[in-house]
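Labels run A, B, C, D and E following the written order; every chain starts at residue 1.
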Amino acid sequence: MGSVPLAHYLALGSALFAVGFAALLVRRNALVVFMGVELMLNAANMTFLAFSRAHQTMSGQAAAFFVIAVAAAEAAVGLAIMIALVRNRNTLNVDEVDTLKY
Amino acid sequence: MTEAMLFYPMALVAIGGALGMIASRNPVHGAMYLVLSFFGIASVYVLLAAELIAALQIIVYAGAIMVLFVFVIMLLNLNEDDLERPRLTPGTIFGGAAALAFWMISFMVFSDLPDQTMPTELPEGFGQVASVGRLIFGPFIVPFESTSILLLVAMVGAIVVAKPRI
Amino acid sequence: MGAAFQNLLSVVTFLPLVAAFVVLLAPEGRVSRGIAFWTSVAVFLLSLGLLWQFDPSSNAQFQLEVNVPWFESAGIGYHIGIDGVSLLLILLTTFLMPIVIASATTTIEHRQKEFAVAALVLETAMLGAFIALDMVLFYVFWELMLVPMFLIIGVWGSENRVYAAVKFFLYTMVGSLLMLVAILYMYWLTGEQGEARSFDYYAFLALEIAPQVQAWLFAGFALAFAVKVPMFPLHTWLPDAHVQAPAPGSVILAGVLLKMGTYGFYRFAFPFFPEATFEYRTLLVALSVIGIVYGSLMCLAQRDMKKLIAYSSVAHLGFVMLGLLAFTTAGVTGAVYQMLNHGVATGALFLLVGMLYERRHSREIADYGGLAKVVPAFAAIWLVVTLASIGLPGTNGFVGEFLILSGSFVSKIPGGKVWAGAAATGVILGAVYMLWLYQRMWQGKVVHEENRSLRDLTFREWGIVGPLVALIFVMGLFPSPFLGIARPSIERWVAQLEKANPALAGDPVPSNPVGERALRVEAVTGPRGAVPAVADPDSKPRAIDPQQLQQGKVRITDVVRPQVR
Amino acid sequence: MPKYSSADILGLAPALVLIVGALTLLLLEVFQESEKRGYQAWFTAIVAAIASLVALPMLDGEAHRILLTQDGLFFAVADRFGGAMAIVVAAGLALSALTAGAFLGARKAERGEFYALAMFAASGMVLLAQATDLLMIFVALEIMSISTYALAAYLRRGMRTTEAAFKYFILGAFSTALYIYGVALVYGATGGQTGLQQVAEAASEGSLLLMAGVAFVAAGFFFKVAAAPFHMWTPDVYEGAPTPVTAFMAAGVKAAAFAALFRVFTVAFGSEDVALHGWMNVVVVLAILTMVVGNLLAIPQRSVKRLLAYSSIAHAGYLMAAIAAAANPEVRAAAGEGLLYYLATYTFAGIGAFAVVAALERQGAEGPLMWDLDRFAGLARVRPALAMAMGLFLLSLAGIPPTAGFMGKLLIFRAAVDAKLYGLVIFGVLTSLVGVYYYLRVVVYMYMREREPSVGELPAPRLAMGVALALAAIGTLILGIVPGFFGEIARASTLALGG
Amino acid sequence: MEWLSAMNPAEGLQDALRWIVLFPLFGAAVNGLLGKRLGRANVHLVACGAVFASFVISAIALYTVSFGDVSRITDQWWRWFSIGNVPVEMSLTIDRLSAVMMCVVTGVGFLIHIFSTEYMSHDEGYWRYFAYLNLFVAAMSLLVLGSNLLVMFVGWEGVGLASYLLIGFWYTDDAKAFAGRKAFVVNRVGDFGFLLGIFTLVGLFGTIEFEQLKALSASITPDTVLEAGIFSGWTLGAAITMACLFLFLGATGKSAQLPLYVWLPDAMAGPTPVSALIHAATMVTAGVYMVARLSFLYAWSPTAMATVAVVGALTAIFAALMAYAQNDIKKVLAYSTVSQLGFMFIGVGVGAWWAAIYHLVTHAFFKACLFLGSGSVMHAMRDETDIRLFGGLRKEMWHTWATFGISTIAITGVLPLSGFFSKDAILHGAHANPNLFFPWVPTFTYAIGLVAALSTSFYMWRMFNLTFHGERRGMLEHRAHEGGNAMVGPLWVLAGLAVGSLVWGLPLSGGARFENFLKPVFRAADENIARMTALGAQKLGVPVPPPPAHDFAAMLPGYLIALVVALIGFGIAWYLYLGPGKDIPAKIAQGAPALYRAFANKFYVDEFYQAVIVAPLSATARFLWRVVDAFAIDKLVVNGSAVLTGWIAQLFRYFQDGNVQRYAVVMAVSAVVILWIFLG
């Protein structure tokens, strides 16, 4: 006891990924869907950092840094798109955004 | 000893927050749960000797991004009718199953790893601002500078998209 | 000019394409028509120059070869060259094109300029396919043909034209694409067996391919060509395409495009895969014979004259395939000749149909009847063409059919006698349906009032069908000049296949030992009264040497032509 | 610490030129009056031209590893492959920009931001093609993606535009997450490496962890290249986005993504264990699936834009075939040649076709009617040149000689045959036959139908559009008739990639 | 005649032979292309002149081969093409056989041309008519003169074409157009056999030249088992039999034998002079000529010979029976022609070659005369052909009556006219020539031949009596009148020839003149028969039968029987149609209506063919088209695959339902599946 095995960190990461996955697939609210994506990015970060520590290489931390930056950028544009969507459709329910089909 | 004592509760917080996000009907509540989860995650980051990233996690994610989320939610001013009711559709079933399957598979993968123990000794300044900074501004200069373009793009893009008229 | 002369083959091939661009920029009407027509005439005249450059007695497999890299890193070359057979087909093409373009002046009622462009592009594509000795180059031309033909059917066709055009395109493309796969496989093989990977004809020819693999590759090639021929049961695009195409389109389609399939078999499929060819020959022979009989029977059931002629093409091309598959000099010669014949005769028929359609706007046979009284010259020409189509001796059709049937009868096809016999019933059926058509359209009484005032052939129309009718007789009576061009190539070809399997290919020996002896004597002394060892058996026999007569080297006749008058 | 040199700057020059161009436009936009924006499209085209010019030196010479550290870390490379891709991307940018100039001009919606975003996206694409590190790829991918999200949403007054952008964004973010998670696993599996070569060295055998990483990285890429079953966003997004953007997405995004996919899969995951016995079969299946789905679903479409969207999926299938062939180290060079050539042909023909759609798009209407086949009816009479150009593009897309598309298909199928993927090739040719059917349908409408007055007036022809179409047509013809020229480049560049 | 031999006729004739063909061909071309503008007189001049020129050359050639130094003259024209390494020469050759044929063709042809100038004087298509007629003569000349099977075949089909054109001359009448077509198609069935025969010979001997075949045939051993070529495993005799039978199929088509005779009665739709020339005198004898030409081959095949003889005999009797109940003057003559052709085939079938040719020649004269006579009657009777309406025409048309009568005497075989000798020569050959292989054949053919001869006599006299004697039974108001010189002249010339040609058949000591005249031609055949007989005898273990005697003494019993038979026929016809038994035919018709109808309807052979061949064929065609072609292949397979693709596309399309989350689920599931696969 004392030190936590690598697998547990990774499992935590994959658990977060799975939850984000689920949020993305199950929830109808576009914002919550997007939050799921954010969670998945965090899962990736968790994995990076776990391995970074396991292998004692810091490039994993640099990677996490980039992931956070990307997440921020995505959030900016993504939220802007949702604003535009609500302006047009007055809804954030992904089920209702389906005029383009077949 | 301390690692385990900190890890499992924090992991629980992270997972719980995430599950709370999924479970809450109101997106604002969801966002709050997510912030909670992020805090948990950041704590685990600390355990992983990534102080800088943990700080960034709090500042950028919990601080900036989630505020942005909440701001948007408020801006859009959703009322009660917009709150979704949980439904079981083929999509949700398959989605949930896929997520679960993924998690199961990941167990298989991770348990297969040959070396499970975390090294206790870490190099000097591992995960500290200085060393990570040297890394990022040194070998990682190309992706780092690209990130600046990325952020610029995001800014321009957000403005273009969110501007009321063209 | 010198360079143009040296590259005459390329000039002939690409001149129409250049003209197509010029026409595209020219104003609609007389000018663009004129450019198109005179270009095609010029191309024909230039292709006569090819005749002059071509040396039939040469031992080279191909002549006028040009081989320059085109896409060097991929092993694709601009490799062209002709043998006697392709030369004949080139001449057929260039000969038909001016006629087609001239006939389009009246039969094509709108967008004549675009038609001329399509026709010229098509000409380049067809000529290119006949000269290409690089598989990719060939494939490029082969597929390029589809586009203008598609437009010709689809834009200028009759009521159901779009269906027919699309069907034509897709149907013929199915096979081609599988052929492409086969080509690519063989290309890979050239890398395995040779130094450099190449799409070159010779490289493909030199491949040694395991029999099971050959079967697959052969299937790919054969499918492409069989669709184009078209062989039963892959023929159903043809009636639609023919019926819907405008008359000039049908002429090109029947006259040249169908020959692409048989030419492909001749040039590529059989020489590349001799083992597979022999393995599946019986099947192909059976399909050819079925095609002959089946096509003829189809004709008996048609009410639309273009459809009838289209199905008759199925039968005629069945003959061609049978002749090719005989792998005897006679059969292949006949097949090649029949390709030309079919181009001339069926081309002429479609032209005539077009002229009728122009007058009456109907393809229903029932809408005609008794026309010979009204338009006798028209009827006479039609009859002549009909006779050529059913292979009356004296017309070109006979020579081809006879050579094919005799060539396959005496060939080493297992059961060749029976197949040839079955095919020969096509001769009967051909007469049945063609003459029935003639009777229904031209004989009897005039039953439709509007037919009473039909115009007979105009001067221009005479000019269009005249050359074809003349050619029918010239080719029927004097086939030797035509066959002489192709004969050495064909003999080489047959010898090549005979080498691959002497038990199944090659010229027959007479069954009777006595006959064999006679033939050997013939070979030494030449036929009755001819000088020994005549290089070209098709040339006119020359006078006899009296000395040989005395020495008994020359055989029996009671009176021989004296050398000096 | 890396050592800087001018070669490093030159190696990044194409991307830098594009970025500088974008920044210039952004700055100029501040001082811009609304009527005088006509130059922006031309400006973009010129910047693209300069970018491709500065990419030319990359085409001959040694690959230069940009900012190589002592540890052997480097994130991008200036090699032939990258140079060739930069040129293809620049061509796509120029054509789309000119198309957009006409398109937006007609809608009075020209803004500098549009072109700036396009140039940013292009710079992302160039970087993507040059990137040699999974993280660098991630960043470049995001530059490209985020720009295109914004571009897709550009005409946000249209309902469809925002919907398209929304879908694109949600799924794009999802795929990004998949990708980066995969990178993280690869990172773990290789003992902390993300550079492609380092990964290759560390992971010649496929451990479970590595293969899981490869799976997620692949899934991320499959989304970007629109391979079935990750393709489902494509028709919707392509239909909803402004047509010039669609053109740019179909050609540029796909080209860059395929370039990166090729580089990653051959360099990092190219060992026999990982490739030949690993991802190849999956890619084969997906390639077949993509070809089938793309071609099949294009058949019932009446909206030409959507039809072309499905067709672009089909083309992704053919490109996937090249990837599958590249699993075999022996045919990797041939596969890369085919891929690169095909991308170039698709850039010209695909953008050309979308440009024609843009030129005919019905203004003021919403819905599929905007691009209905009826809009194309009788086009050959009204606008013969436009119809002819469209015909040419469609023939190229259908792979009929002597257009570029044929040569592209030939090279790809050649590679697949070399790799003994006969089933794939046969599926390829058969589905391309299906493709011919729907391409011909458009030709049928253009040449064989009469124009109905009810479909509305055609927009007036515009110079930028004409130039774009002419360039695309010339490119399509040249790549088809004189294949040697670009073929050599493609061959040399993939040979150098270390096949 | 000094000048003729001085210029070395053989040499001069070499190039002249082609003119036999070319003159009429040019005549046809000139009349066909320009005839409309030339004017009637010029058209006549061209047509008759061309044929006459041919006749003159033929006559000179006949003289040369009969009395000159050479027995054969060959004109090498040009090399047509080659069947592989078998050259096909367009070359003409004339020997005694073909010279006789040529003289008959051009001579009778010329007379008929002359006759036609008046007969066709009212037809506006006269120029066309003469063009066709000239074309026919040209083609027939080619047929006769061809030095190989293929040139013969050119003529063979050429005469078919001319026949087609002339039968359908009045093409606005659908029935006539149909008759022409029927003739052509039925002939094509025969030609099919002819072609296969040629192929067989090519495969067997590698040559198609008559002279080469003849030379080769001398050294044949029929039971050799062949080793090489397409007939390996066959015996040589079997292969030759196959060739001969195929060629004979061709002959049955052209010469209207069972089972392909059906076209000839219908061919009477053409102008009557055409019937005289083509369907009586010349073209229909081509089959006989061909068999005679190839006699040296048939000699090696007893089976083929027997087949020829039996088919000839059956045709002779069958056609004669059908002629009983015909009321159309031309139809009677048509069946009579078929019947007489049967006689000729008996002749060639039993090896009495010269007799067959002799009958061919005499038949040409009297049958042409009969046809022209019937034409004269029709000309006088407003184109009416029903003999029931005639009667007593003797008074109005004396010349016609006289010439018709002479010819009838000739055809019925009454002493001493030519028909008697020619027919009897055949009958004599039939019963006297031994047949080791099929011993029943001589008896059979002889018996049938006698019955046929009796029938011939009966129906010919019946027709003659009904037409020219008794009282007019119809068209009472119409006054018949004799034609002009152009019509009467040829009648008399032909009648004269019918009488005069008897001199060749007189049974002199050492054989008839004609027999000796043709001996060189048939020497090879006779020798081959002798060889074959010797071989057969050796095999069967019987002595070689002696050759039959054919001097007058040996033939006398046969003559008497034949004469009696002819007279019985005459007697019955007189009794039933002029004498006291006038009402018996009607009674028979009433008493046995089925029998009568069967006779009158030609035993329903046409109907039989219609039901067994034509109708099934067209039904099959329709079925194949509608069901196999249009439905099974095109709709089901071709379009079906397209439609199926479309359906699948439509089905899959609805998976694309626009819901982004659905897409995400698909992506996610796929990703997981891929992961699973990657992990193995």
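For the reader, a short list of remarks on this structure follows.
Here is the rule we go by: a contact is a pair of C-beta atoms (placed from the backbone, for glycine too) under 8 Å apart; a residue touches a chain by one contact, two chains touch by 3 or more.
Quick caveat: nothing in here was measured; it's all calculated off a predicted structure.
Centroid analysis (C-alpha atoms only) places B farthest from chain C.
A count of contacting C-beta pairs for A-E and for D-E identifies D-E as the more extensively joined pair.
The most central chain, judged by C-alpha centres against the centre of all protein C-alpha atoms, is C.
Among the other chains, E has the CA centre that is most remote from the centre of chain A. In this assembly, the C-alpha centroid of chain B lies 73 Å from the C-alpha centroid of chain C. Taking each chain's centre as the mean of its C-alpha atoms, chain A lies 68 Å from chain C. Work out the mean CA point of chain A and of chain D, and you get 26 Å between them.
Chain C and chain D have CA centres that are 45 Å apart. Looking at chain D, one finds that residues 135, 138-139, 142, 146, 149-150, 153, 156-157, 165-167, 170, 174, 178, 185, 208, 212, 235-236, 300, 437 touch two or more other chains. Multi-chain contact residues, meaning those touching two or more other chains, occur in chain E at positions 642, 653, 656, 658-662, 664-665, 668, 671, 675, 679.
The residues of chain B that reach two or more other chains are 91, 94-95, 98-99, 102, 105-106, 108-110, 113, 140, 143, 147, 150, 153-154, 157-159, 161, listed in rising order.
Touching chain pairs in this entry, ordered by label, are A-B, A-D, A-E, B-D, B-E, C-D, C-E, D-E. Of all residues in chain E, only 10-11, 14, 70-74, 76, 78-87, 89-91, 150, 153-154, 156-158, 161, 164, 168, 171-174, 177-178, 181, 184-185, 188-189, 191-192, 195-196, 198-200, 202-207, 209, 211-212, 215-216, 219-220, 224, 226-232, 234, 236, 239, 617-618, 620-622, 624-626, 629, 633-634, 637-638, 642 touch chain C in the complex they form. Only residues 10, 13, 17, 20, 24, 30, 33-34, 37, 40-41, 43-45, 47-48, 50-52, 54-57, 59-60, 62-63, 66-67, 70, 73-74, 77-78, 80-82, 84-85, 87-89, 94, 97, 99-102 of chain A touch chain D when the two sit together in their complex.
On chain E, the positions that touch chain A within their shared complex are 653-654, 656-661, 664-665, 668. Of all the residues in chain E, the ones that touch chain D in their complex are 642, 645-646, 648-650, 652-653, 655-656, 658, 660, 662-664, 666-668, 670-671, 674-675, 677-680. Chain B contributes residues 1-4, 7-8, 11, 14-15, 18-19, 21-22, 27, 30-31, 34, 37-38, 41, 44-45, 47-50, 52-53, 56-57, 60-61, 64-65, 68-69, 72-73, 75-76, 78, 82, 84, 91-92, 94-96, 98-100, 102-103, 106-107, 110-111, 113, 115-120, 122-123, 126-127, 131-132, 135-136, 140, 143-144, 147, 150-151, 153-155, 157-159, 161-162, 164 to its touches with chain A in the complex.
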